[in-house]
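Below you'll find a set of structures to go through.
Both complexes shown next keep subunit A, but they swap its partner, so subunit B is in the first and subunit C is in the second.
Right after this comes the complex of A and B.
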């Protein structure tokens, strides 16, 4: 159903993207790249959620890694310690981050200004400390061992191609959910808040309610990513859920463009590629260590904020649009000329 | 329908409105007029719950609304336009109107995410309805243009259409004709009458006297935050206090003229 003049999900784009995901393991067969691509998928889920929060609710979270970590540790404890099936623990791994986001959002009922950024920053630090110090449950800094693998119809989903497909299956779901939200009544309401909060509330839009819902959703996406991460790895440790990780997610969204669901996805892929390039350079030149990554991320953030404040994806998309309309207007002018 | 009862609003030491009372009857077009700084816009903002009055009450169809947040007043059936244009610039014309229809469908975030069949059908309905509102206001030909690309006249119409799309019982128009040329103003008067004929009560704040005098059933005149007159356009035109407020007292003018000579 095409509604002209209204932003709608472009199913063609989703389809093309899904096909690219499908064929990728056939083209790139080295397991290193496959693992990287799987990780990129896990991060993409977090980045899409954060992108919704930043671009549509106008809020910044500096603590997405906390929700990610809570998701991962929740399922680890439920499955490894308590013996639950990972599929049963999945809803709980979504629920806990969502609940925490609800409590945070509720106490800061209006979610205005930079308070959420500050509060999530603190949350990230608290959660990381908890993961390290609450040894009885999390087994502390050395990490949590023995997380079971996922089973589907008696078939174990191993790291490698099976897990790659599982992760990207979830990414596509998250992508479709997010695109639908953005292109619906609620998405329109959120976009209208961006342009004029006073006008949208006089249209009956409960602005703080929608901001809150998006915050909860972004936390649940991060929880899902944590669940995927935990069951991919045999062990997890608090080192994966630091402030650095939160900043990395932020960089992905800012690079890709926060006003767009696709932007967050593309940003994630680009940042992961930078990571791979740095890693490869590091093998050749010993002075390039993994810390070098952070320097480059910082540089990218700065450059994007200065030169492409809307992010890569919306800017490039507009160039293409301009190019296409120029072409078509040229064509129609030529046609007119020919008629005469 | 709307009772404004001894409303006072202070901003620090400045008294913007003082003990103002008036009523708006159902089906009328009521004009709120007065010289610059009379407190019209302040009154308007209180009726549409942008901010609360310092003292006094505002009752709409039996419900006290002066302390409600704006998003709770809208569902009662009050909608407004903004003098300084609060159009959603980054959205298309039809999307603007569809935000106006926000209250007419009730779907939550999680239902929406799955884009169930019922929801797409609802979207279609909202879209078609939006198109009919656009046609009502003569905007149907530019429905897919970005709002930021419109002229002032079209922007005012779009604000009007968006407010009308909330299906209000009472529509507040804040200087809807400001900046419009003579022809556009006349078209606007015709539109306001047309909207009233659909059963919507209209309260206008307006500087354009021709517009106000031609369409309003009743006028409320404010000067320096105080109500100085209330009545039909004809009564207001003959009201001494109003003439004084607008033109200054006769005696002053003569003095000024003499001094000038």
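Right after this comes the complex of A and C.
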């Protein structure tokens, strides 16, 4: 039964998307683009989690890179220093960021608005500083070397096509999981929190519980991304987990549209494409440096907030919907006219 | 004992800068309820504009005035082009808008001024002075003096003038203020201009000590934001207390524990204070509640 106004997961979309991912390496064969696409997948996992947090729970996180970093460093220390198998360290790399988010959420539950933004910002800076300074464990600013590659059934998943598929396999899982959450009772409760926390709590929605759960989930997604990032690269350094990284994740979500899981995914892809285009232009015109990237990210954030407050994806999706319904209503009108 | 005095002096100096930046946050927030995360970028622009002017041979005092005017105009432009258009957006969007502005300004600055740290001459001759086993540079004294001056002038402006009354009125109740013939739009624009000027002033004061570069604004903005939050958003005395507290935490943490860990120590302390007082040290209970 289909209820009026209840959104359901459009499996067609997921299927088409999965197919596009499957054929991408056959169409684009340069290893540069494949690496970029793999990175895009890693970022997409974080962006989807952040999108759930922002668009559905109405919370902001200015420190998402902290969870990403903790995931990456947890697995690095467990595998390279302590010799665990990466597959065993995966649950731990999810658990630690989740646990931190739980503690954060629990202690900071009295904070809201700008104060919460401040708290997440502080968390990001604290974690980054610890990654740099706790040299005994993290090896400091120079970075952590010798992270083992992933092995599956005796087959090494090395950088390139195998890792691309692995990352996007996880992206699809995260995507399906998120779409299902969004279209479930929990998702509707979350959306009501986003619209009006007071109204939804007076309707009997346990707002703090849902907000906490989604915060933990977004942290675990970031941890998963960190795990993928660590085992893709032979080495990691704290420079990848800065405030700027947190802002970049924010930009991805805002560009795509925080009220939609697909939006976060599309936003990630677009932001990565901007990076690639700037990089390519920079090779042709020496005056275009990597700083241009930041100018453009800044510009995107400003323009999106002013002109597309809901983000790119929901706006475009509505255009299409409007276009389609107009067509179909015209058709049905014609049919009616013909019958007469 | 000498150490403690030295760390305290350093802490008060840097804390004064944070306090000025935090006052910029408070000025904008109290009128528009916007947190302007590009506030640190005004500081950076202040320092770098002064560098360009002095190296172009403009006299020091004239350069000082021109810098403040230029950055104030930029603040006005920012309000006019961005904030006014996004009126009514929710706090998350506004945070993102000002972060976008900050990144944009920083990117432009890195193209214009390059990535090196630049040297700006101090206000007066800068021979360190010895006070009971601790040294302090005249520029550091200037920084503190400027902070006190800013606090005093802001107090006069807000509490003793008609403009200040209009400012307070549109902060308390924009609609009622409008009915009384005050234009909240004009006040919003004034608040951005004023806090850009404050940022520029902070930049001018800190430039000879910190050697400005295109990326100095991020951390200063974050610390100023923390100071404003710590003091209680919207409270000017809170901003000053917050700023000095963060400056002291930072310099004592760097001195006694580890200079690399200073940011972690400072922000852990901030989290701890927020845990005990969720609306800041001098914040009212309702401030910042129900926003996001």
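Quick notes
The rule is short, and it goes like this: the second predicted complex is superposed on the first by the 331 of 340 C-alpha atoms of A that agree within 3 Å, B and C clash if a C-alpha of one lies under 4 Å from a C-alpha of the other, contacts with A are read in each partner's own complex, and residues count from 1 in each chain.
One rule holds in what follows: a residue touches a chain if its C-beta (ideal position, glycine included) is under 8 Å from a C-beta of that chain, and two chains touch if they have at least 3 such contacts.
Please read these numbers as outputs of a predicted model, since none were measured by experiment.
When the two structures are aligned on the shared chain, A:198 is found in touch with subunit B and with subunit C. Shared-chain residue A:184: touches subunit B; no touch with subunit C.
Of the two partner chains placed by the overlay, only subunit C lies in contact with A:247; subunit B stays clear of it. Legend: residue contacts after superposition of the two complexes on their common chain; A:157 is shown touching neither subunit B nor subunit C.
In the superposition on chain A, A:236 makes contact with neither subunit B nor subunit C. Between subunit B and subunit C, C contacts the larger number of subunit A residues. In the superposed model, A:115 makes contact with subunit C only, not with subunit B. When the two complexes are overlaid on their common chain A, residue A:59 makes contact with subunit C while staying clear of subunit B.
Across the two superposed structures, the residue set of subunit A contacted by subunit B and also by subunit C is 198. If you check the complex, the residues on subunit A that touch subunit C are 54, 58-60, 62, 107-108, 110-119, 121-123, 125-126, 129-130, 132-133, 197-198, 243, 247, 250-251, 254, 258, 289, 291-302, 305-306, 309. Of all the residues in subunit A, the ones that touch subunit B in their complex are 1, 3-7, 9, 176-178, 180-181, 184-189, 191-192, 194-196, 198-207, 210, 213-214, 217. Looking at the complex, you find that subunit C touches subunit A at residues 35, 82, 85-86, 89, 91-97, 99-108, 110-111, 218, 222, 225-226, 229, 233, 258, 260-261, 263-264, 267-268, 270-271, 274-275, 278-280, 288-292.
For subunit B in complex with subunit A, the residues that touch the partner chain are 48, 50, 69-71, 73-75, 79-80, 82, 86-96, 98-100, 102-103, 105, 107-109, 112-115, 119-120, 123-124, 126-127, 143-145, 162, 166.
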